[in-house]
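Please read the structure below before turning to the comments.
Read from first to last, the chains carry the letters A, B, C and D; within each, the first residue is number 1.
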Amino acid sequence: MKVAVLGARGKVGREICAGVRAAEGMALVAELDLGDSLDDLVAAGAEAIVDFTHPDAVMANLAFCIEHGIDAVVGTTGFDEERLATLRAQLGENPGSGVLIAPNFSIGAILMMRFSAQAARYFESVEVIELHHPDKADAPSGTAGRTADLIAAARREAGLGAPPDATSTGIEGARGADVDGIKVHSLRIRGLVAHQEVVLGGSGETLTIRHDSLDRVSFVPGVLLGLRRIGAAPGLTVGLDAFLDLD
Amino acid sequence: MKVAVLGARGKVGREICAGVRAAEGMALVAELDLGDSLDDLVAAGAEAIVDFTHPDAVMANLAFCIEHGIDAVVGTTGFDEERLATLRAQLGENPGSGVLIAPNFSIGAILMMRFSAQAARYFESVEVIELHHPDKADAPSGTAGRTADLIAAARREAGLGAPPDATSTGIEGARGADVDGIKVHSLRIRGLVAHQEVVLGGSGETLTIRHDSLDRVSFVPGVLLGLRRIGAAPGLTVGLDAFLDLD
Amino acid sequence: MKVAVLGARGKVGREICAGVRAAEGMALVAELDLGDSLDDLVAAGAEAIVDFTHPDAVMANLAFCIEHGIDAVVGTTGFDEERLATLRAQLGENPGSGVLIAPNFSIGAILMMRFSAQAARYFESVEVIELHHPDKADAPSGTAGRTADLIAAARREAGLGAPPDATSTGIEGARGADVDGIKVHSLRIRGLVAHQEVVLGGSGETLTIRHDSLDRVSFVPGVLLGLRRIGAAPGLTVGLDAFLDLD
Amino acid sequence: MKVAVLGARGKVGREICAGVRAAEGMALVAELDLGDSLDDLVAAGAEAIVDFTHPDAVMANLAFCIEHGIDAVVGTTGFDEERLATLRAQLGENPGSGVLIAPNFSIGAILMMRFSAQAARYFESVEVIELHHPDKADAPSGTAGRTADLIAAARREAGLGAPPDATSTGIEGARGADVDGIKVHSLRIRGLVAHQEVVLGGSGETLTIRHDSLDRVSFVPGVLLGLRRIGAAPGLTVGLDAFLDLD
């Protein structure tokens, strides 16, 4: 499989290039970055690209790939409904291409979210703790927010009400942020990278699902999985979950 | 729903009686133990029983229930293939009854095992740690052994070989017990009850699934779930997993 | 050593009676509760008492003990500076007695607080997570508040400023409660008892100190330690820390 | 304070150079590696050096420093009693120099070991879990072995016997390695770096002390602390503990 990387000189891109080079059955045929021509993809015979570029560049990159029958695995951010609709239309006219847009390529993070949502309906209580380095600007993290949303939806579907909480006196903030009825706690600790723990509890027992991301290379296996599956998934796929055989 | 408990005066049985009494839509109509007559079940109009008795008693209890069209949720141990075949034959002749045989009613433990097996195919490394009070006779625990078996099977199915391990020098036992190629570590610590942690790791990330059982009441929600589902599940069901809607 | 327990029929008192009975070198000579006469202590020849009674009763109990040269290990709450001053005056006049007043007899909790305060000066970041059952009324817990106070004091003494935190956008409460400049996060989860984790972090590493209290018997070893040491500690001692040889 | 680094081009050395450059009140005046002359230290006016070189080189480096009144903070391995005696003799003749030999500069690891040993005398049970990447050759790790030794010594001093363990049947290795009577469990997981957890337990409670080293820069604060204190500590000091004010 001939793979090209767009955004190849960024921190993430470099790791992906290394990952593709080391992967069995894959050849890295082009490394493009700012200023390079997309025509190089055709010249190199790329069958699939990985795009970790910029919201300003990614739509043009994908239009080119779709036109030329090249599959795409995309980690660039900034996709809203409008952009997804544009891609769907383009892919409708060019049924030979597949595009995977994923906000998160860490298989561990995806499984943490999925298992948490699946378990949520069976436990009276559930809260989310996320721990990151102290240079992070937002609290809670995007992943924690998404996890809480998924848990809240699963509880509603199962007919569960709010988790029990008898707190009547306390200090503001102690009980965390409320995300769709689910409590989320954000720690900022020097030395940490990106970590999350979902604690579920019922009578006499707890189930804890924890994801630790210790190095940015954690998304490489997910990108490689996306590349291996995209050829058999024409059209638009959103979220790497679709390529994990969990059911 | 009219429920009877067999083994009602044992530690476990007492908790189940309390759980049934407190459960919405259930009535505890009979509490039997050693010396009581099974005819009481019919007299009390029991629709389903819970059996936490003894391997010596359970087959007779179940034969009676199957004959009388009473469903059964069974936590008693000692079921081998021969016993299961006997039950299947009896249920075949009495299609009105359902019997659930479950080695474990803790929903948290069941989800831990299931999630561990599902995740196993996506991670290079995986090991199991189980922690119990120091009065436990066996190491590793039965749950840890089953978890390792499930993980090993999932890895084989996914074509994964042995987890990487460069250990060349060391002290005997440091790397744990080998259960079907999966390392299992057993801690015995005063103050603990029953705990297990499955640590999975791949490039740059780890996923940890931990179950803590802090009180014997942890099996009550699973027994109640079994009771709620057994009426719609005629025949023999092995394992509570079948009643969790995880797919 | 002849020991009497005041408050012997309460939940805590019963555990202490059992602990004293099982302890080597101790005899339980009297079990008093509401309505019993303190004279029984003298009649039974009690050398030391354990008091887990009520703020309304404890000062009279201690006055009696001090007058009669009986040592006291006290877990009853409600001691303010005025009460301590009263005890000091009484003990000054009766130098034969020792009284230990301790807000916490769990050796694990005491060590967690002490180690956290000792480590605090060496790490840039530190936050506290406490996890309890959802029937608890206050958040954060008293232990978490005390821990944060001790950490804050240790950081000030070491000349450390506020822990780093670049949070600029977020949801209210995500970053927890602020206790003297230290962030404290409170989780309320069914199935849990009383748990606390202090996470300290510096460049490239974290140190986590966690205490899990799984059963009310966790204070028994601390009470027995208090009894063993109180005979050699005349006067007033506040906090079991004083009897742990940590320096 | 004028600091020179020996072994400056190694992985560790480069991090130390960066750390010294960023440290308040320190100037990096020389970066030496294989082939450079020690005379550069004098020319640069170095007041203290950091040595992360090789057992073959370190004794000559230190002899030079001691002769020239330069303090030394040493992370190079291979020091036995004979080498320490040699250094003591040299320092006796040159009382102006201080040398710190430390097997571990991670403050988190040092505190973990110290707190574990201090707590050990108060808990019936204690075991050690260490988790590392799967390319590590030895199991258990050196740090885990040292921790177990310290714990075993503390228990002996407190008159404690072997931790309770009723294991009578099991799979070989499940209960871990026996290090001086203390059980040690070694996990090897891809994605991890270097982690250790000491679990102590008594009636109804556990205390867990965990150290996570996520990045090799974790030793930098310890090296800087050594540099700041070595000027006031003439002669030989073994172990960074001596410079932590823990008592």
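As a working rule, contacts are C-beta pairs under 8 Å (C-beta built on N, C-alpha and C of every residue); 3 or more make two chains touch, one makes a residue touch a chain.
Just so it is clear, the model here is predicted, and its values are computed rather than measured.
Chemist: A-B versus A-D: which interface comes out with more C-beta contact pairs?
Modeler: Ranking A-B and A-D by C-beta contacts puts A-B first.
Chemist: Find the geometric centre of each of chain A and chain B from their Cα atoms only, then give the gap between the two centres in Å, rounded to an integer.
Modeler: 34
Chemist: Taking each chain's centre as the mean of its CA atoms, how far is chain A from chain D in angstrom?
Modeler: 39
Chemist: Which residues of chain B are in contact with two or more other chains?
Modeler: Those would be 123, 191-192, 200, 202-206, 212, 214-215, 218.
Chemist: Between the chains shown, work out who touches whom and classify the graph as line, ring, star, complete or other.
Modeler: Contact map by chain: complete.
Chemist: Where on chain D does chain A make contact in their complex?
Modeler: It comes out as residues 191-193, 212, 214-215, 218.
Chemist: Note which residues of chain A are touching chain C in the complex, please.
Modeler: Of all residues in chain A, those touching chain C are 123-127, 129, 131, 134-140, 163-179, 183-192, 199-206.
Chemist: Looking at the complex, which residues from chain B come into contact with chain A?
Modeler: 106-109, 111-112, 115, 118-119, 122-123, 200, 202-221, 244, 246-247
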